[in-house]
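Have a look at these structures, which come just after this line.
Each of the next two complexes has subunit A plus one more chain, namely subunit B in the first and subunit C in the second.
Right after this comes the complex of A and B.
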C-alpha cells in the first residue's frame, strides 16, 4: 500500500474559524485520517513535524516575518492549499488596505515606540498567492466542511478537486429562495462562486461574496437575472468590498 | 533586569503575550499581559455600511463570533432607534444560548477543565481531553462531542452559518423558525439540559469531593478581591443577552447599575507608558496600579464576575446549583480565581434551561421578526460573551455609514485581573532568577481560568497552549528560550 500523504495545517492572521470547522468535523475526521496523516495542526494537537507533503494554510499575510514563515512552509510542502477567505483572497483583513499601514498603526497603537519590533512591522495585507504559488483553494468564510473533505480527499487520491465555477444564484434558485433583489437588497450572488449551498440568501441575507469572484463569462447563466435588475458584472463588482477588497479580478487564478 | 516574554503566538496583529520582569535579585517584580488590540477592526470599520458590522466584527474571533455579531446588532438597534419585535429578541437569545452551550462545553472538557479533572500535577501530555476521557470514560467523550455539536447546530439553524451568523439586522433578525425546526431544536435542548446536569456531577465527583483540589481552589495564591461586573435583568438575575450592567464591590455590595450607553462614564482605560496595552478600570474608583481590594478600580468579568455581580440565576436548576456554590465558599462574593470553572458549568446549565424556556414559548414562531429602522445616529450594544462583558459602540452618519467605532472586549475587561493572577503564579515559581519549564504550567493555569481569548485558549484543544517564553538579560539579549506547540 502507498504511504499516506502527510498533512500539516498552519495559520496566519485570522479568526481561526476555518480551523475550528475542521476541528469540529468530529467523527468524520476519522475518515480523513484513513487517507492522510495529520502531522501538524496546532489547533488540535501538540505534536509537530517539519516533514509534510501537503500544507494547508489559513489566514492572511500581514508582516514581513509572516512572509518568511510562509516561504519556509512552501519550500517544504509539495502541495500548498490556501484555506478560507483570509488565505485565498485576503478576506476581511484586506479592508484595511484602503489605509496606509502607518495610519493603521497610529490608529491602533498611538505613539507607542514600536520601531524595530518585528511583531509590529505591518505592511499591506496579502493573500497567500501574492507571496507564494498556491496549488489548491478551499473557499469561504468559514470554509464548508464537506468541501474541505472533498478537496483533501481528492488531493490525497491524486485527483483534481471539483470546485464550482458557476455563481451562487444557481444554488440559491435550487433552494427556491425569493431573490434578494426582489426584496430591494443588493446581493453579490450573481458574481460569487457557488459551493456554499447559498446559505446566506437561504437565510434571507444577502451574499457578501466570501467565496470570491467568478469570471465574467461564468455569469452567462444569470443573464436573465442581471437584465431584470438592470445590472452588469461590473456594477456588482464595484460593490464587492467586504471580501474582495482590492482584487482585480477572480478570487483565484485557475 | 531580565524580561521574560511568554508569547502565545501571533494572531490578529501579532500579540497576546505575557512579559515577566525580574528585579536584580532575580525575583518577580512585575508581570504584564498584552492582548490583541482590536482597533485594527475599529479603524477599518470607518466608512463602511453600518449593516456590515455584524458580519465584519464576527471575524474578530472564530471562537466567539456570536457574541460580536449580537453586540454589533444591538448597537445597530440603538443607532437606528429601533426596538426589535419580541420574537426577534427571543430568537437572538436562543441562538445565543446555543453559543454558550458549545463554548462552555469546549472550555470545561477541552481547555480549562483538564487541569482539574486530570489534576494540576499530571504531566502535560495527560492534561488534555484524552486525559479527561480516560478519567470519566469514553462514552462520556461521545456525549461531549454530541452536545457541543448540538450547540453549534442550534446556532446554525438560527444563524445561517454556525461559525459566523448572518441573521442579525438592526430591528430584528432575517429569518424566523419553522415548526419543524422548533421540534428539532427542542429535542437537542432537552438532551443538553441533562448533559449540563451530568457535567456538574462530574465536577462534584472529581473536584469538589477532592480535599486537595478544594484547598488549592481556596488558597490565597489563587484569590483576588476585586470588583465584579456583568449584565443583569430587572430582578438583578444574570443575563447573557440583555439588561443593565451591574458592578458589585469586593464585599458584595452594589457599586453601580447602569445602561450600556453610559459605559464611558463608568469605565476608564489606563495606559502604561512602557506598553501599548490598556487596562480598563472603574472610573469612580480610579486606577491605582495592579492591586486588588476596594480601593483599586480593577474588576473581573466572565462566569465568576457575572455570578458575583448578580443575585443569582433566573432558572430553577441553575439557581439551585448557584446557591450551593455560594454556600460552599461561605457566602458571596467568591474571590477564588479557580471558581471560574465551577461558575462556568452553572452558567452552562442556565443556558440550557433558558433555551428550553425560549423554544417552548409558542410565540417564538411568530413571523413578525423585524421592525422598521429610524434615522441613524449613535448606539451602544452590550452582551455577555462567554468570557465577559462585550461592548460595541458605533457612531453612524446620515448615509448609514460608520463614522466611529469603539469596542471593549471581554478579555480586555479582565486584563488587570489576569495580569495579577499571572504575576502571583509567577511569583510562586520564579525565585532567585531560576526559571524552568514548570513556569509554563503554573502561569497557564492561572490565566486559563479566565479562558482568555487571544488565540491561546483556542490553540490548546487537547493540551498545552503554544507558548514561547523568552528570557532576556539586562542588556535585552536573549539568553534562554522555551517553546512548545510552535511551528518554527
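Right after this comes the complex of A and C.
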C-alpha cells in the first residue's frame, strides 16, 4: 500500500476555530487518519514531528518571529494549505491594519515597557501568501467542514480541489432563503465567494464576506447595487473592514 | 371533453389533506409561509397549507430536479463498481400554480426527448400534482399575458377556492382515485361551475405587468436585436450571481461532479443546479471560456428562453412567474421588461437562424448517466503531455462510432471528461483516445496503467458522414490536438478497403512545436498512400530541435497545395483545431473557391452530459454535443457564437 501523506497543522494569530472544526469531525477523524498521518496538531494531540508532506496553516502573520517560523514550515512541506480567513487573507486580524502598529500597541498595552520583547514586535498583519507561496486555500471563518474534507481528499487523490468562484447568492437561492436585501439588510453575499452553503443568510444573518470578495467594490455593477439600495462606497468599505480590510479592490485572486 | 369537477367543503378539504398526510404512502408537500414569502415544503398539518399564496421563492422543480442529487455511487476499492441511484421519494405536491404546471410540462419535453432522463422520469411518474388556481397575483408576475395563469392539463387534481368550498377538477385517473380514497366529494352545481369560470376569467385584470408581444413574437424580436446595445447596458449592472436561473422554473441546466468519502473508500457522482450566468459555465479543460463577457451570458439567458428553445420545441421557456424579477438585485432579469424593451426595435422574419434543424437519435437505451465499464489495454506516451490509450469495452461490443464522434470517459472520484475517438470505426471492442494532461481527469488518466478500469459513455454526438465524402478530393486541416479526432477520419479513408472511394487527399497539420506533433508515425504511413500530399508545420522550433517540416502558422501551408490535385468544386475540406484557427483557415479555403457547403468543422465546447441536457456546450441554439461536434460550415456559420 502507498504510504500515507504526513500532515501537520500549525496555527499563528487566530482563534483556533478552524482547527476546532477539524476536531469536530468527531468519528470522521478516524476516516481522516485512514488516508493521512497527522504528525502534528497542537490542538488535539501532544505528539509533534518536523517531518511532514502537507502543512495546514491557520492564522495570520503578525511578527518577524512568525515570518521565520512560517518560512521554516514552508521549507519542510511539499504542499502548504492556508486554512481559514486569517490565513487565506488576513481576515479579522487585518482590522488593525487601518492604524499603525505602534499606535495599536499603545492603545492596547498603554505605556507598558515592551521594548525588545519579540512577542510584542508586531508589524502590519499579513496573510500567509504575503510571506510564502500557498498551494491550496480553505476559505471561511470558520472553514466549512465539507470543504475541508473535499480539499484533503483532493490533495490525497492528486486532483485540484473545486472551489467555487461564484457568489454566495447561488447557494443562498438553492437554500430558498428570503434575500437579505429584501429584508432591508446589507449582505455581502453578491460579491463574496460561495462554498459556505450560504450558512449566514440561511440562519437569517447577513454575509460578512469571510470567504473573500470576488468582485471589486469599484465595479460598475457594485456601484449600481449600492446606489439602488441607498448605500455608499463608505458603507461597503466599512463592511469590508471585518474580513476584507484593504481588499475592497482585490477581486477574485485565483 | 369537459373535465369532471367535484367539490369539498373547506372542512372536508382540510381533512382530505390531513388524511393524505397521515394515511398516504407518499410524503405530502404543500405551499407554506416562510416569513413574508412562501415555499413548497413538507406539510405536517393541513392548517399550514396556504392556497392564498402569490408565488413561492423556488418553483416545484426542486422535487423533480433537486438542487443536489446523487446520480450514482461508486466503490473506489473495487476496479469498477457503480450503482445507479434508485432511492426515490416522489411526493404529492399541493398548491402548484398553473404557470409552474406548464413549466413542468416544458421540463418533461426537455428531459424526456429524445434521451430519457430516467431519474427525472421516475419522479415525474410517481409524483402527484395537485394544482391550485391563483388567488393572489404576485406583484412581478406577468403570467396572464403569457397565458400561463390557467391550465387545462398537467395536473392530477386542481383546486379552486370558490368561497365556501374548494372545487376539485380531476385531471387524471391517479388524481381521481386519490380523491375517492381520502374524501367524499360532492357533484358540482351549475352555479359553482360558473363561479370557477368567473374566477379564472377575472384573473388577468389583477396583473400589473404584461408583455406587449405575443409568445410567437419573442423569437423575432430577440433575433432582430441580437447585437443591440441594451445587452451591454443591462449586463453592466449584472452581479453574475445567477439568482435568475436558480429561481427559474424553466432553467434546468446542471453540473455534475464527483465527491469522495473522507476515507476515500467510496464516492458519489452529484448533479447540481448550474447557471448560464456564471462565468465558468462554458469553461473547458484548456481554460477557454466561450461566453467570457457578461453581456454574452446575459443575452444567452434570454435567447434560450425566447429563441433557442422555442425554435427547438415550440414553446417559450418563460411562464411569467416573475420570480427572477423578484430575485434580481439590479432588476435586469425580468423577461417582461426585456421583451417590452426590445419590442420597440423591430422584428425579424428569419427566426431560426441560430438553430440547426437536425434529427438526432437517443444514444443508448435505458440509463445514460452511468458509464459502461472498460479496460485500458495499452497506454503509450506520445509527447510530454499526451498519452495514447487503447481501450476495450468490457461488454465486448464494438463502440460503433463514426469518425468525429466522442466519448465521455469517467474516472470515479475525479469526474468525467470528453475525448474525441482517434481510431477509425472498427468491428472490435477496442478504440483509441489521446489524453492531454490538462485537468483532474486527464492528469489521473495519464497516471493509469494497463488493466485499470475506466467508465465510458458513448459514442456521443454527430460525426462525419463518410459516405457523403465519396468521390471527392479531401483536404484535411488540423491544428494541435485537432489531429486526434482527425486521425480517426484519415485512417478510415486511407484504409485499403476505402481508399478507392475517395480522390486526392491533402493533409495539412500544424502544432505549436515539434514536441506537440502527434501521430507522426501515422503521418509516415499516410505519405506512402497513393495520391496523397502531407504538409506539416510548427509555430516555433528551438534551434536545437530536430524538425524537418515548415515553421509558421497552419495557413502558411496552403500555398504548398498542388493546384492540380484540387478541383475546388469537388473538394471537401475538413477542419479541426483550436478555436482561434478556424476563421483563418476558412479564409484560405474561400480563397481557393471551396464552397462553404463543402467545408466541415468539428468544434470544441464544454461537453459535459453529451446528450443535450446540461446546457454547457450550447453554441447559440445548437447543442455542440448533440448536433455536433461536426458541423457543415454553411449551416454553422450563421451562428454568431460558433467562431467568436
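The working rule: the second predicted complex is superposed on the first by the 223 of 254 C-alpha atoms of A that agree within 3 Å, B and C clash if a C-alpha of one lies under 4 Å from a C-alpha of the other, contacts with A are read in each partner's own complex, and residues count from 1 in each chain.
One rule holds in what follows: a contact is a pair of C-beta atoms (placed from the backbone, for glycine too) under 8 Å apart; a residue touches a chain by one contact, two chains touch by 3 or more.
If you're wondering where the values come from, they're calculated on a predicted model, not measured in any experiment.
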item	value
Subunit A as common anchor, with subunit B and subunit C clashing or fitting	fit
First (subunit B), second (subunit C), both or neither touched by A:128	neither
Contacts of A:228 with subunit B and subunit C, given as first, second, both or neither	second
First, second, both or neither for A:31, with subunit B first and subunit C second	second
First, second, both or neither for A:138, with subunit B first and subunit C second	neither
Contacts of A:174 with subunit B and subunit C, given as first, second, both or neither	second
Which of subunit B and subunit C A:82 touches, first, second, both or neither	neither
Touched subunit A residues, subunit B compared with subunit C	B
After the two structures are overlaid on chain A, angle v-u-w for subunit B, subunit A, subunit C in degrees (C-alpha centres, nearest 10)	130
Contacts of A:240 with subunit B and subunit C, given as first, second, both or neither	neither
Which of subunit B and subunit C A:61 touches, first, second, both or neither	neither
Three-chain overlay, closest Cα atoms of subunit B and subunit C, distance in Å	9
Touching residues (chain side subunit B, partner subunit A) in the complex	9-15, 37, 39-40, 42-44, 48, 52, 55-56, 59-63, 65, 125, 128, 145, 148-149, 152, 159-164, 166-167, 169, 174-175, 271, 275-276, 455, 458-459, 461-464, 466, 484-488
Of subunit A, residues touching subunit B in the complex	8, 10, 12-21, 23-24, 26-27, 40, 42-46, 48, 50, 62-63, 66, 69, 91-92, 95-96, 98-99, 103-104, 107-110, 112, 114, 119-120, 122, 141-142, 199-200, 202-205, 208, 242
In the complex, subunit C residues that touch subunit A	34-37, 39, 57-58, 62, 67-68, 236-243, 246-247, 257, 259-264, 273, 275, 278-280, 326-327, 329-331, 413-414, 439-440, 443-444, 447
Residue ranges of subunit A in contact with subunit C within the complex	25, 28, 31-32, 34-35, 149-150, 152-153, 156-160, 162, 165-167, 169-170, 173-174, 176-179, 181-183, 189-191, 215, 220-222, 224-225, 228
